[in-house]
Structures are given as C-alpha cells and as structure tokens.
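Some structures are shown below for you to check.
Common to both upcoming complexes is chain A, partnered first by chain B, then by chain C.
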Partner chain A sequence: MPLERLFDPASIAVIGASATPGKIGYEAMRNVQAFDGEVFPVNPSGDGEVFGHEFVPSVDDIETAPDLALLCVPAAAVPDIVEECGEAGVGGAVIFAGGFAETGDDGAELQDRLIEAAEASGVDLLGPNTSGFLVPGDDLYATFTTDLETIPSGNLAIVAQSGGLSYALGFRAQNIDVGVSAMVGLGNRATTGFTEAIEYFDADEQTDTILLHVEGTADARALLATCESVETPVVAYHVGEQDVGDFAESHTGALTGEYELYQAGFEQYGVPTVRSCAELIDAGTALANCPEPDGPNVGVVTAQAGPGIAITDQLKAAGANLPSLTAETQDVVEDILPGITFAENPVDTGRPMPEFGEVIGAVARDENIDIVLVYELYEAALGYPVEDLESVVEAVDKPIVFASGGPESILDEELPKLEAIGVPTYRTPERGADAAAGLVQYAVRNAPPEAAGAQVEVRADD
Partner chain B sequence: MPLERLFDPASIAVIGASATPGKIGYEAMRNVQAFDGEVFPVNPSGDGEVFGHEFVPSVDDIETAPDLALLCVPAAAVPDIVEECGEAGVGGAVIFAGGFAETGDDGAELQDRLIEAAEASGVDLLGPNTSGFLVPGDDLYATFTTDLETIPSGNLAIVAQSGGLSYALGFRAQNIDVGVSAMVGLGNRATTGFTEAIEYFDADEQTDTILLHVEGTADARALLATCESVETPVVAYHVGEQDVGDFAESHTGALTGEYELYQAGFEQYGVPTVRSCAELIDAGTALANCPEPDGPNVGVVTAQAGPGIAITDQLKAAGANLPSLTAETQDVVEDILPGITFAENPVDTGRPMPEFGEVIGAVARDENIDIVLVYELYEAALGYPVEDLESVVEAVDKPIVFASGGPESILDEELPKLEAIGVPTYRTPERGADAAAGLVQYAVRNAPPEAAGAQVEVRADD
Partner chain C sequence: MTETFEAVAAAERSTLTESEAKELLADHGLSVPDSRLVRSPEAAVDAATDIGYPVVAKVSSPAVQHKSEWAGGRGVAVGLESPEAVRDAAAAILEAIDEQGIEGSVLVEAGVDLEAGIEVIVGGTRDPSFGPTVLLGLGGVAVELLEDTTHRIAPISHAEAVEMTYELSSSPLFDGYRGGPTVDRDAIAETIQTVSELLAANEDIADVEINPLLAREDAAIALDALITRTDGD
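Now for the complex of A and B:
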C-alpha cells in the first residue's frame, strides 16, 4: 500500500540524532523510545549511545534499510540526505525543518530540489515544515514535541495541514477521552498531500473517520474529488472564511482562499464542515461510532425544554430537517406519557422520568426519522436509560447521539455506559447538535438531494 | 434592595414539604439542608420531623415570617398560598409548579390571579414553572433538582429564561472549573423578569458578569434598556434565530422572535452575543476577570501558526479588528526574536521559546492594541510565561486571554497559575477567540463606533 513504510514502519532512523537535550535530534530520539521496532540514531559526529542505541555514521551503514527516516537536520542539507536515504532503500522520510516554500523564492527552489530527490529515489515525504505524526496504537511518535503519550488510541485519523493545529486537535481529543488512530501534520505537502493521506487512512483498518484541517491547496478540486471517492467518512475544518492576509502564506506556503468553492464541494460530497477543533472531533465521533444515517431527518427527544429549544435552533441553522413524527408514533408517545408536554418533534417529556428510554425508542423507530438526538440532564434517581437504549440500538440501524449535563465525576462514570452501546455522548446541548448536524451533512451521500423529498423541504425552509 | 429577601434570605419555608423521597416537597427540603439559616417545613398534614425540622401546619404559625417560601404545591393552590404568604410577611416565593401561562388560556388566567395576589401582598415571585435558583456561596439551593453542590462558587451570575438551560450552564461551568455567584431559572417571569433579575445582580457584590439566556419576552426593548443601564457586563445567549414553531411557546409561555431586533440592540449596547452554553461562559469569564477593554483592537500572539490562523479567521468573522502593530513594537519584537516567523499582527514565534512572554509584553504595550489573545501549545521544557505575564498584567491595564493545548493533567496544574494573575485561560484555540470576541463586542461601551476609527474600519471589512 502506498505510504505504508512511512506511516506503518517496522524500523526508524533518526538522522541528525543528538545526545543533547533540547535539540530536535534528541527530542525525536526520546519520542521513538516507546516504538516496538528497530531504532537507529544516525549522525556522522555521533559518539557512543543515545537512549541505549549506538550511533551509526550514515543511513548507508544500517544493514537492512529502515522503513522510515526522521530528518532532524537543517533545510539546506535535506535534499541530499533524502537522496542518500533513497539510495539506501529508506521508504519514507519526515522533514521537520522549515525554510522551504513557506519562506519565499529561495525556499521554493529548495523544495523543488527536495521533491526531485524524493521522486528520483522513491522516498515518500511527510513535510517539510511539519511537526511529524503519531500512531498511538503502535506507540509510534514520529515527532519532536513532548507529552504526546497521553493522547489515547482510537478510530479517528487527524490529517491537518498545520502541525500546530494537529496538536490542538489531538489534545482536545485527549481532554474529552476520545482516541485517535493517527495524527498527522502535513506541513508543506511536498509529496504527501491531502489526497495521498486521505487515501492511506481510508484503507487503514484502525480508522473509522478522517478529520481534515485545511488552510488551502493549489488543487482544491483534487482534494474534493478524493473526498468523494473514499469510503471512510471525512469531516472538514476549513479555515479561511475571512481574509487572514499573508499570515497564512508565511505558514505552510499555501494561500487560503476559494472558501465558497470548498464549502460547496464539501456539501455536495457529504463532507460535514465545522468551525472549530471541538466541533471537528464531535462530528467525527458521531460518524465513527454510529451506523450511517439513511437521510437527513432528525428526531429530537429532550427531557428539558430550554436545552431542547437551543438544540432545535442550532440544528435548523445547520440545515437539518425536523419532520413531524407519524401519527402512529405520536399515539405511542401519548400512550407512554399521557399529557406529555410536547409530543411533535422535538418530543419534550418536561423532565427526566422512567419512561424516557421508551420515548426515545418510539422516535427512533419512526419511519420519518433517520437520526436521533437526545438531551437529558442527569438525575441521580433515574440514571441514564442505558438498557432501553441498548435494545433500541440493536433494533434500529440509525445513529443515536446523546447530550447531557451533570457533575463531571458522575458523567465520567455514567456516560461511558452509553458510549459502550454505540451511543456517542456530549456534555452540552449544542455539542450534541453539532454532532447531529455532522450526521445530517454526511447523509447527502446516502440520500442525494434530488432523490429526497425531505431534503428539498429543508431547502425551502432556509 | 428589591428582591433581596428572595435571593438572599435569612430563613426559608418549604410549603408542601414532604417526608416522602421523590416528592418535590422532599427534594426541596433536602436541598435546603446545607443552608445556614432557619428552615421551616410547612404542611397541614405533616407529622413529626423531616430532615430534623418539625413540620408546621401553616406559614402563619412561624413566629418570625420567613424571607423566602418555596412552593411545592400544585398550580391551582398557588395564588391562595401566595396570598397567605403575603399576609404572614413572607418576602419572596419560588413557584415550581407548571400549568400557568405556558399551557393556554386557563393557565394564563391562573397566572393573572397569581400576579394579582403577589402584587397585593408584596411577595416577589420567581417563576412559576421554574426549577428555582441557587447561590453556592451561601450554600443556598432553592430547587428540587439533585447533585448541584458540585457547582463551584464564583463571580458569574446565570440568569436563564429556562431552568433546564440554567442547569446546562451551571454544569458546563462546573465541568471547566468556573464558579457562579448565582444560577437562576426565571420560568414564566410572573413578577421577576429579566429587568428585575439583571438589576439585582448588577448590585450584587459577588457578581462580576451576568450571563443571560433569552428565548423571548413581550418587551424586548425593556430588556435592552436594562442591559444598557447597568454597570456590570452582560453577555447574552439569545436562542431563536430559527423558527422553532410552537415548541417555544409550550415552554415558558413566551414566543421567541424578533431575533434581529435583539441582536442589533445587544450589539449597540455592548452586550456580547454567543451561540452556545460553552461560549456564554467563555465570554463571561473574560469579562468578569479582565480589566475593561478600551477599544475593539486585538493583538494576537501565537507560538504555532495553524492555531493562530484559525483564531484570526474566527476573530475576523466575529467583527474584530486586528490593527498593525506600531513600527516601534515591530522593532522591539524583531530585537527579541531576530528573523521571527511573522511579526505583524498576528505575531507568530513559530514555536514556544523562552522569549515568548517578552513578545506578549511588547504587543500588550502597543498603543494600537486594546485586547491581547495568546495561543501557545504547552511545552514541558518551557512551561507557561507566568512571570513575564504577571509583570505585563501589572503594567498594562488591558485584557489578556490565553488559549492553550496539552495533556489534561498538566493543564489542570499549570493553567491555574495564569488564572491566578488575572489571565483567563481556554483549552482550544477557538475558545480563546470566542472569549476575545466577547471583549471586542463589549468594547462598544467604552469606544462607541462613531468615535472609533478602528471600529469603522472593522465595518468596512465586513
């Protein structure tokens, strides 16, 4: 598989390895200590050992060529070293150094030389100007930054144009106990761009959803075509609605721009778009852990009216459709809770009650409903309707997402019970709405607007 | 002070008190156990004690009239009991029961009778159709819901139209270690509406910012005039951009609507508006804990470009102005960090470094800058620039907010050091941008658009 030696190596060379703490060549060595494969510190002036590995003077001197090389050397030295790597049989190289296309004409020329060297010698590059990548499930931390081992392993692949933003995403995930299959900063995308990375993680068995951060690329249409072609759900955080001037260009050598083109393309191909790191992960966990929605119609069940109204407002702003429940479902709900506060859609039970899970089940079974969003404040005497929901999840093949509020320590204990039965959970009303909005936008893949009456209705509402 | 006996009582009667767990009259008794004042369970059919307090048959039988009565009785009985309370000398009453204006004509008539009784007898009402209020600093939990004691005491007053949403806000605050001075669900606002509550918390010494949740009110102009007149910053979460149909009316008897009128009014009077519970608290903590901004001009300092671009994009979308730094400041920054990645505004140091705090100081001292927003990924070898920032905070009287990312356990330990010197902290880039956007919107109070060239420029940018 392309990029396999880069992202799933059996052995790693750290070129420019150093025994001096603070140097990138030292930090990278420290980070690969947990890796369960051979590690070679490469430095012609290296002497003795670093982290128990003996220095080798050159990548040539390693008997079996390592799959991956981490290049901890200045920009000017990079093209030649990549050439050496290729000659030695290295498969992939991470280029940490900046000073390429993001810095102007001289840098762009250096980057062209680098690409030439890589292509001539068959080495796949990550970067340059990247902080690298990590695969927590393989204890693989191909980066020079610290404190990454707390980011848990999971099923979301983060593919970010910016390394800094990939860390912001990874730590946000860690902070809310969400795991990642990989976290990649693409940097200048010399040979590994969005297309190559998305296709790799589409084929990756650990990845159930790809989270994309995009500032801009010279070929937006190729990126959009890739999003259309892959099987794995993709969610996009596309920065650059506003003019951020030449700041963006100074960063990864790419202009932000063509915002509307991206947004229209993402919408057309069922790529949910978000406006923050938090939303990107929230929409991603819903797509990664729920059955695919057959259509964009959301049924909202709430135990408190105020949060229910906030959710409804936000869902409608995101273009969701909240169809009426069938007369049959409304009768079932009235049977369960005679005199219920509000039994259309949203269904509002007024407060948590033992029958709450049954009401969710009735809405989830409704033929008008493709996606169910629940809000319930935690109430100690009742707990969450885990048993009811378990049988609903088994009976209907629809996404059900659950938003709640309550004391942190109780939520930490109780919400994982819902996660365990395939119901993603969110700790504010609006985060639940963001997650459901992601499912709604994704549903275009299964219910194209021209075929879906309900979707047309959404547009008429706008 | 008006409403003082309601919100700051010395003694409480629970009318309809019960010894049966699960009943509202029992739950309310349990919640007032922590209260440091006299508590009287009132029930003509009560026998013996509940939570160590002896039942009294009627509020009349209490020797010194309690300041506050919590009415745990059905709607139909409420007007007469309020009248009794007034005759006995009670100052305020919380009406938990629903079944008033939110349910139709009969309910509206009952609510009119209730208002008449309250006004005739001088009792201030909270509700009806409310879950009550709490003041954590006084161990006062005037509500029937559970698990509220984890919500910490602090300087934000939550005034929510919906009780359910007030809980969502309170628990969000608790989950991110933010404290509240009070948390109030207004419900049907029979006599205590937005105006009365805002004026009360404006005068409350524990409150530094008021967080408002609004679905709608018959007199939007009165609400806006109150927001204009008070000294304490107000932030508004106004739900109802979209048509949520008759669901909202079924809730607190108020129609959402006139969204544009509210938004324009809030903008004019320097009331920042937000779109979620999380944003409401984030903007609130910035306003409550920073000096007031003199104007809307933001200086962004980032140690990572990607998050810096995301922040800039979001700030500009919120209408913020990012002026150029003075030539003098740019020289200072270049002196501190020769060859810095990007030294205009944003200032991008490329990665965390020992001089990062000095750079923040240079930007904070710039005469073009009113508000400083910092993003820095946590790096163990450096920590946060607490000492540098402490001297900056003392030297410049400007808001400085700090967004960061990193492992939860490290952030839990390190970020409070910034909080302690008056720098509010946020754990994703965009949450920092939301907080700064709140400060920008508030700055209209100190720099009206007609007087501020920079503000005019913002508008030309839109």
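Now for the complex of A and C:
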C-alpha cells in the first residue's frame, strides 16, 4: 500500500540525531523511544550512544534500510539527504525543517529540488515544514514536541494542513478523552497531500472517521473527489471565511470566494463541515462510533426542558429535521409516562426517571426517526440507562448520541459505560447538538439523488 | 457557437461584446431579447420597427465594458417608444463612438418589462483550484451588498440547479411574494446548467455572467451577458 513505510514503519532512522537536550534531533530520539521497532540515530559527528542506541555515521551504514527517516537537519541539507535516503532504500521521510515553499522564491526552488530528489529515489515525504505525525496505537511518535504520549489511541485520524493545528486537535481530543488512530500535520505537502493521506487512512483498519483541516490547496477538485470516493466518513474544517475574492471585473468573480467554494464543494461531495476544532472532534466521534444514519430526522429525548430547547434550537439552525413521532410511538410514550410533559418531538420527560431508557427506546424505534439525541443530567439515584440503551442499540441500527451534565468525577466514571455500548457522549447540550448535526449533514449530503427532490420539498415548505 | 468564439480569439480580445455573448447563449438554447446591430440612426429605426416598440439602444463595442457608465451615460437608452426617440438615441451613441475614435455600433434590442419578473444573476467562473463553478444570486443593484448567492462546483444536475433556487434567502420571492410575479425555477435551473456546460466544454472560457437574467413565469431571459476568455487580461 502506498505510504505504508512512511506511516506504518518497522524501523526508524533519526537523521541529525543528537545527545543534546533541546535540539530537535534529541527530542525526536526521545519520542521514538516508545516505538517497538528498530531505531537508528544517524549523525556523522555523533559519538557513543543516545537513549541506548549507538550512533551510525550515515543511513548507508545501516544494514537493512529503515522504513522511515526523521530528518532533523536544516532545510539546505534536506534534498541531498533525501537522495541519500532513497539510494539506501528508505521508504518515507518526515521533513521537520521550514524554509521551503512557504518562505518565497528561494524556498520554492529548494522545495522543487527536494521533490525531484524524492521522486527520483522513491521516498514518500511528509512535509517539509511539518511537526510530523503520530500513531498512538503503535507507540509511534514521529515528531519533536513533548507529552504526545498522553493522546489516547482511538479511531479518529486527524489530517491537518497545519502541523500546529494537528496538535490543537490532538490535545483537544486528549482533553476530552477521545482517542486518535493517527494525527498528521501535512505541512507543505511536497509529495504527500490531502488525497494521498485520505486514501491511506481510508484503508487503515484503525480509522473509522477522518478529520480534515484545510486552509487551501491548489487542487481542491481532487480533494473533493477523493473525499467522495473513500468509504470512511470525512469531516472537514475549512478555515478562511473572511478571505475576500481577488479583485474581479465581474460580479461573479467578486461573489465567488474560496470559502464559498469550499463550503459548496464539501456539501456537494458528501462531506460534513464544521467551524471549530471542538466541533470537528464532536462530529467525528459521532460518525466514527455510530451506525451510518439513514436520513436527517432527529428524535430528541430530554429529561430537562431547558437543555432540550437549547438542543432543538441549535439542531434546527443546523438544518436538522425534527419530525413528529408516529401515533404509535406517542401512545407508547403516553403508556410509559401518563401525562408526560411534551410527547411529540422533542420528548421531554420533565425529570430523570426509571422509565427514561424505555422512552428512548420507543423514540429510537420510531420509523420517522433516523438519529436519536438524548439529554439527561446525571442523577445519583438512577444512574444512566445503560442496560436499556444497550438493548436499543442492538435492536435499532441508528445513531444514538447522549449529552449530559454532572460533576466531572462522576461523568468520568459513568459516561464511559455509554461509550462502551456505542453511544458517544458529550458534556453540554450544544456539543450533543453539534455531534448530531454532523450526522445530519452526513446523511443529507450523501443522500441518493432520488432523495434530493424530497429535500427540495422540505425547503419549499419552510 | 464556436464561430463567434473563434472570431474573438482571432481578434485577441479578452471579452466578448454583449451581442456576441448573447448570440452564443442563444445558440445554446437560452432566451435573449430580439435584437439587431446597426450603424446608422435610420437603420436603428428600421430595426425598432422590425422588433416592435419599446426598444433599448446600447453601445456595442469591444472597447466598451461598462456600457451604462460610458461616455457620460450616453451608452444605454431604455424605454424608447417612438422612431424619433430611437433615432436620437442611436445618433447620440454613434456620435460618442466617433468622438472616442473606437470601433462600434448600436445594439437595438426589444424592451423587456422588468416588472414582469425578478432579476437574478447567473454566473460561472473557472477557479484555478476548483475548476468550473457556478453561482446563482438575487440580482439588481444590491447584489454585492446583500450577497444572497449560492454556489456549486460544476457540472451539476438539473435537480441540483433547481435546489439552488431554493437556497437563496430570497427564494420566497420566486413564488409570487405579496402579489409579485411568480417565476419559472426550471428556466433558471436550465440557465445555470447551460453556463456550467459552457465552462466545462470550453477551456477558453474563463467567466460567464448573465446579469441580469430576468426570471419570469414563462421563461428566463438573459438581458445582459459578459463572457471572458481564459487567456485574456
């Protein structure tokens, strides 16, 4: 598979390895200590050992060519070293150095030389101008920043144009205890761009959803086509709403900005879009952990009116449809809870109660409902309806997401029980709505063409 | 269509004149007002008689981009109801052409009742990163102020083009809002698709803009059109 030696190496050479703390060549060595494959510090002026590995003078001196090289060397040296790597049989190289196309004409020329060297010698590059990547499940930290081992392993692949933003996303995931299958900063995308990375993680068995950060690319059409062609859901965060189009003679030119085209393009090609790092991860956990939604119709079940109203408000703004429940479901809900506060959609039980799980089950089974969003504050006497939900999840092949509130220590203890049965959880009403909105967008944007007419009808009635 | 286009390419011009652009659109099945290109006031009157009153007279010249601002406002005369009015308007345009020493003629065109429809803008542009793209927006003077527009990467299906008409905030206007005219969404959609196909099929075309497109109950009529070539500046 393309890029396999880059992203799934059996051995790593750190070129420009150093025994001096603070140097990139030292930090990279420290980060690869957890890796269970072979590690080779390469430095012609290196002496003795670093982290228990003996220095080798050149990549040529390693008996079996390493799969991956981490280049901790200045920009000017990079093209020649990549050529050496290629000749030695290295498969992939991460180029941390900046000073390439992002800095102007001289840098662009250097990048062209680098690409030439890489293509001539068959080395796949990540970067230059990147912070690297990590695969927590393989204890693989191909980067020079610290404390990355705190980011848990999981099923979201972060593919960010900016290395810095990949960290912002990775640590956001860590902060809310969400795991990643990989976190990649593409940097200048010399040979590995969006399309190559998306295709790789689409084929990656650990990855269930790809989170994309895009500032801009020279071939947006190829990016869109790739997003559409892969099986794995992709969610996109495009930055640049305030950019204005170049000066143009026509209204069309003035009115057609990059931002509008990215929004329109992602919508056309089946990709949900978000407006923040937090939303990107929340939509991602819903798509990665739930069954694929069949449609945009959300059933909201809430134990408290206020959060339910906030959720409904936000969902409607996001274009979700909250259909009426069938008469049958309404009868079931009335039977469970006579005189219930509001038995249509949202269903508001007024407070947590032992029958809450049964109500969720009734709504989830409703044929008008494609996605279920639940809100319930934690109540010690009742706990969460984990058992009821487990049988519902098994019985109905629909996404169920759960938003809640309570003391952090209790949520830390209790919410993972829901996560474990395939119900992603969120700690504010709005985050639950964002997650459901991601599912709604995915359903709408991937609806078969014959359903598009139905969508028009919905809009026409607004 | 390509005959017109090749002529423009040969002339090394970056844009087509309004009449060239409309001819190209008409060749692709879009509705444009009946028109004649003339070079004298007398021929303008004959053309008006032929077309039927009222008519509009506009300057037609590769050298003139912004017709209504050209020559102190002499470039466009609307609502011409009589032979005298047509003669005077054509004479004024021809005089200004002479004064400026440019090549040009007068486009006499059937006057269209703007009240019978809603002005929208349909455009297409070849983006360096996305390739051909199309837009639909509410037209008129406030187009850039309100930016009530919707975009697609081309090409698109008819259903998608119809969907675009529902995406505008102004969409309810198309259904006869407060006694206003009802418009044919299918005709707007066909126009968007035609623009999309023109861009997709002709690498030479950089931009197509129909502004305004008068969307009516029975049709959508291109009242003005601008087509720009890729290698023109």
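Rule of thumb we're sticking to: the second predicted complex is superposed on the first by the 433 of 462 C-alpha atoms of A that agree within 3 Å, B and C clash if a C-alpha of one lies under 4 Å from a C-alpha of the other, contacts with A are read in each partner's own complex, and residues count from 1 in each chain.
One rule holds for everything that comes next: a residue touches a chain if its C-beta (ideal position, glycine included) is under 8 Å from a C-beta of that chain, and two chains touch if they have at least 3 such contacts.
Small disclaimer: the values here were computed from a predicted structure and weren't measured.
**Student:** Classify the contacts of A:D219 with the two partner chains as first (chain B alone), second (chain C alone), both, or neither.
**Tutor:** The answer is second: A:D219 touches chain C but not chain B.
**Student:** Report for A:P449: first if it touches chain B alone, second if chain C alone, otherwise both or neither.
**Tutor:** Touch status of A:P449: second partner only.
**Student:** According to the stated criteria, A:A286 is in contact with first (chain B), second (chain C), both, or neither; which is it?
**Tutor:** Neither partner.
**Student:** When the two structures are overlaid on chain A, which partner does A:A381 contact: first (chain B), second (chain C), both, or neither?
**Tutor:** In the superposition, A:A381 contacts chain B only.
**Student:** Check the residue A:T145 against both partner chains and state whether it touches chain B (first), chain C (second), both, or neither.
**Tutor:** Only chain B; A:T145 stays clear of chain C.
**Student:** Per the contact definition in the header, classify A:V392: touching chain B only (first), chain C only (second), both, or neither.
**Tutor:** Touch partners of A:V392: none, neither chain B nor chain C.
**Student:** Which partner does A:G265 contact after superposing on A: first (chain B), second (chain C), both, neither?
**Tutor:** The answer is second: A:G265 touches chain C but not chain B.
**Student:** I want to verify the contact counts: of chain B and chain C, which reaches more residues of chain A?
**Tutor:** B
**Student:** Residues on chain A in contact with chain B in one complex and with chain C in the other?
**Tutor:** 250-252, 256
**Student:** Looking at the complex, which residues from chain A come into contact with chain C?
**Tutor:** Interface residues on the chain A side: 216-221, 224, 249-256, 258, 260-261, 263-265, 268-269, 449, 452-453, 455-456, 459-460.
**Student:** Quick check on the complex: what are the chain C residues that touch chain A?
**Tutor:** Contact set of chain C toward chain A: 65, 121, 123-125, 127-131, 133, 135, 137, 143-144, 147, 149-153, 156-157, 159-160, 162-163, 166-167, 171, 207-209, 211, 226, 228.
**Student:** Where on chain B does chain A make contact in their complex?
**Tutor:** 22, 98, 145-147, 150, 160-168, 170-172, 174-175, 213, 215, 237, 239-245, 247-248, 250-252, 256, 275-278, 303-310, 312-314, 316-317, 341-342, 344, 346, 348, 350, 377-381, 405-411, 427-431
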